[in-house]
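Order of writing sets the chain letters: A, B, C and D. Residues in each chain are counted from 1.
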Amino acid sequence: MKTYELIDKPGLESLAIVERPVPVPGPHRVVVRMRAASLNYRDLVVAQGRYGGKNSVGLTPLSDGAGEVTAIGDGVTRVKPGDRVAGIFMQTYLAGGLTAEKSASALGGAISGVLSEYVEFDEDGVVRIPEHLSYEEAATLPCAAVTAWNALVAEGGVKPGDTVLLQGTGGVSIFSLQFAKVTGARVIITSSSDEKLERARQLGADETINYKTNPKWEQAAWDLSGKRGVDIVIETGGSGTLNKSLRAVRPGGRISLMGTLSGTGGEVTTAYILQKHIRLQGIYVGSRDLFEDMNRAISQHQIRPVIDRVFDFGQARDAYAYLESGAHFGKVVISI
Amino acid sequence: MKTYELIDKPGLESLAIVERPVPVPGPHRVVVRMRAASLNYRDLVVAQGRYGGKNSVGLTPLSDGAGEVTAIGDGVTRVKPGDRVAGIFMQTYLAGGLTAEKSASALGGAISGVLSEYVEFDEDGVVRIPEHLSYEEAATLPCAAVTAWNALVAEGGVKPGDTVLLQGTGGVSIFSLQFAKVTGARVIITSSSDEKLERARQLGADETINYKTNPKWEQAAWDLSGKRGVDIVIETGGSGTLNKSLRAVRPGGRISLMGTLSGTGGEVTTAYILQKHIRLQGIYVGSRDLFEDMNRAISQHQIRPVIDRVFDFGQARDAYAYLESGAHFGKVVISI
Amino acid sequence: MKTYELIDKPGLESLAIVERPVPVPGPHRVVVRMRAASLNYRDLVVAQGRYGGKNSVGLTPLSDGAGEVTAIGDGVTRVKPGDRVAGIFMQTYLAGGLTAEKSASALGGAISGVLSEYVEFDEDGVVRIPEHLSYEEAATLPCAAVTAWNALVAEGGVKPGDTVLLQGTGGVSIFSLQFAKVTGARVIITSSSDEKLERARQLGADETINYKTNPKWEQAAWDLSGKRGVDIVIETGGSGTLNKSLRAVRPGGRISLMGTLSGTGGEVTTAYILQKHIRLQGIYVGSRDLFEDMNRAISQHQIRPVIDRVFDFGQARDAYAYLESGAHFGKVVISI
Amino acid sequence: MKTYELIDKPGLESLAIVERPVPVPGPHRVVVRMRAASLNYRDLVVAQGRYGGKNSVGLTPLSDGAGEVTAIGDGVTRVKPGDRVAGIFMQTYLAGGLTAEKSASALGGAISGVLSEYVEFDEDGVVRIPEHLSYEEAATLPCAAVTAWNALVAEGGVKPGDTVLLQGTGGVSIFSLQFAKVTGARVIITSSSDEKLERARQLGADETINYKTNPKWEQAAWDLSGKRGVDIVIETGGSGTLNKSLRAVRPGGRISLMGTLSGTGGEVTTAYILQKHIRLQGIYVGSRDLFEDMNRAISQHQIRPVIDRVFDFGQARDAYAYLESGAHFGKVVISI
């Protein structure tokens, strides 16, 4: 079978297709014929060998993919050949709180990922995908969609009538927009592109702010919240925007922090956090339980992930480059 | 001014209009010209002198009403004359958990209520009503709607993709239906009337069960949940239906218990509660904070309370009798 | 090896030692030389073939046991030979909420248990036991102690200054007493025996009530709470006592329901639940995460489980009969 | 009566005693003869006119004080003359979540404070103090103790067996130490003084770190947690120490942020927050409900606040200077 690996050194130029034997599932293991994979910003960092101090050489990249179960090992009961499944981001994070042990099982980072024709998983490491989704669509769920669900619903505790502030139009933001709308929340979204803001509006965004033409977007968000402050911010920008989020959120509000687009640190006005009794919750994807809760919502509302562009299996490097350009709206997918 | 009182003994025949002076607001107090009031099952119990061991003689009945602020006392800052407001069910229950002290401030039970041309409240005891609602509509909110919001959203923790089971088509059930739909949940509702079920379907109910023609409705609900069990039951029936709810709910599920239509007690299969790790949460209306959260949701989604029938001020006894008949779908209102 | 089984029909007289081969661990599996097991009320019901409609014939009984890892299969990383471990009550309930799937993995009920010289577990199905505990002591933890921890700490949310009401002096109650004391709560405990109450006092109980000489113990508990109501009830009695607990608890209080000593159902005054906004939470043991949290507390405070009596391996039937007599204070253990 | 005011400009030199009439309580108001007040770091900032952009001229300083009710207005039911009470930090924050409106009622900042012989409060704005405490001791509770309780118990969710990391030996840290011990947690505390660490040990600290001789104290804390990470950090240092706290805490752990000793902002490694799924919760004191919960714990365990030094009423400036020096261990009090 064909699989991508970072063959000799970090960097996209080292990402290449190699030939490997199709895995044979051991007891309680399953093999999946992957049909699609999707990219996250994290995958750029991994490919560059900058992810958590690991150089990632020898690793198959990407955490997010979906396909069809082709073989199962002894004792498997959760799935059967022919089932349409996606791998879960952290293979041992089934439920409850995050632990170091669970973190160490993340696909396409801590362990090999899914940009491969066949991948072997523990039977506990996959979930069935919603019936109305194509493999390309389902491949976008494991990291970006579960992160958005965790940030907004599980940890965010969003409820109807809340005002949610979303930053940008990347994968997590667009999933957050879709989930916020079915939860009855009001959505304010930012972008540097009026065209992207218009697309967000078509997806249900109630208010839009162009942060390029309106650099004081935090003030605009505050005003749009009736000068009460927004209830929840999905902070995908990282430290570059966090101070503005701290201003835009209401006293007692919540900020779910999951992105580091602007780097891994920066100046933070901690005084706001305490004076406004703000909860700043780090979000690192989520458990299989959350994935399955989310799938029920996706199925019920027939939500379709927003895919910007699908690349062929041979064009993986182009897909990475396209993600890096920031031109996308929604997810970048590779067909396998 | 004209006001209703239970003039000499418990019982509806004792409910009559009397003449009283218009109240003058003291410091931090406001006077409201009531324009409409609505009835809850509790009001029948109060009128019959069976409510919490009190005979209620001398009391103005009803907890739920809306009107216009006509006068304010010294130091009032929360509202001004002309504001459209509703009284909160427990006048001192502003936020946080319930206490005995807060319980002792319930309108139309612990203290005099709102079936009156003018009522004096503490400025903390009223909330502004959503702009798109008429007084008749807003008068339905304080008890039934806040109870539904608390049961489903605050304590119920409903989220998109959840399946909610509603019992009957009284006020709390219909508000629960409306709130469940804007929260993205799937709704199963029961009634003894196919006509009422059809109306519930028009309001968004996903599945309906006629419990008269299908007495094993708990099994039907279980099947409709994909044999997984429903996530949340809004238990309005009380002990007569609780055992069925315990069967219909999933392991780890929640039952919000707020009604005693079938009495105040009964046989309960406690074994289900523990084996399925069920949370049975008593709901006694809710705080002003919840009322205001709910109003934001009602405004955003332009939800309109379902009113079955509006009676004239002089027809209060007829309104009580109509509620008692159980013929209603949604709320019974008295115009003042 | 020797192991107990219910050999031909339900009933204690059918419980006998049989000879079986020592298990050999498969991949990700471990074999434990059990050194002690402990009994719970549930085990009486299982032995009588009355547990969840199963007759339990062919099953090795008991859920709670501790021993030493003697062999590990391929890929095991969580434990190594020589480690002192206990099995977890539900073998697949590692974290998060309860599901039907997890319920179906309970030792000594849904699947074979631990009253055996050797038992094979999944590596995920065991936890290391606190160092200061003997095997006899550690054998008491999986069901009774985890149940108490879940009821009081995880779901009960006990905090310093809270008043906790405990019913009787069985295993769960005594663990609850020990955990309540290290959490800074005040404990009221009931029993029919002044001698047992005196022993509870020596373990730290602040107040004691003999429910035989004081049948209105719910009123006594209310008075001892300063007429404010107790914050948390650990309801081990089941429906026979639940109505009294509903009276003793404060508005907004919690009742953790985990026992069915008095049967599996009964008359419940549901009106109290709603009027006092009570949370009645069913407790079915708990997850491995909770077990490990609890072990940290046990280790830090050098808590020693209270063992009433230790029986020899050959005396298992006597141990069951002793538990059934109700004469015990704390746990009944079988040395293996 | 005598009262302190910032008489003409910001700065301690402007703090002086002035003569004012003894207040007469209006309806639902009470007058308290203050007997003691205590200082918090915030009071230095207020006196310097740097607090929230206010210059504070004309304001009576200090939020924390206790005394005896001497007069009550019409309709007061919560207290009576002779009752020993303390004012609550935010006069309208009775329960539930923080709002901008509640923030605007903070004593000695938003509104005049308690460094005065007599102070008038709303009856809702005081709580009865534990019987075993002197006025000097009770005067330390409203800000520092409630903050510690909120940070550790209410928002921190501390439980027995948890490891808590405390920074320094100021008021909030020492209250946190006392509360952590009665909750059964293990305490690691830091200081630049071995003598202060020894005193902390006498109060129950399990582990101590001198951050001067051991600047990598976050690594020391990590090691002392068994390389698992601490469960909760009470972050009193502010941004100067926050990055170290982010390293010391376990995946899924909590940091309660309430101090700005090192300033109001700084560089924060946000990547840790998300990768470790950390909850960073700002703490701005807390509600009256929390104050009363805390008082129950203080009474039950006969906790005595640690007072470093008591100054006479005329020595208020000396008290401020002493607090600023950082020489204190526990609280600085002014007798009135």
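The working rule: a residue touches a chain if its C-beta (ideal position, glycine included) is under 8 Å from a C-beta of that chain, and two chains touch if they have at least 3 such contacts.
Because the structure is predicted, anything quoted here is derived from the model rather than measured.
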item	value
Where chain A and chain D overlap in contact partners, by chain label	B, C
Contact-richer chain pair (by C-beta pairs counted) among A-B and A-C	A-B
Chain A and chain C: spacing of chain centres that average the CA atoms, whole Å	41
Chain A: positions in contact with at least two other chains	97
Residues on chain B engaged by chain C in the complex (per definition of touch)	52, 97-100, 103, 228-229, 238-239, 242, 250-252, 257-260, 264-284
Residues of chain A defined as touching chain C within the complex	26-28, 94-97, 287, 289
Chain A contact footprint on chain B (complex, rising order)	153, 159-162, 179, 182-184, 186, 293-301
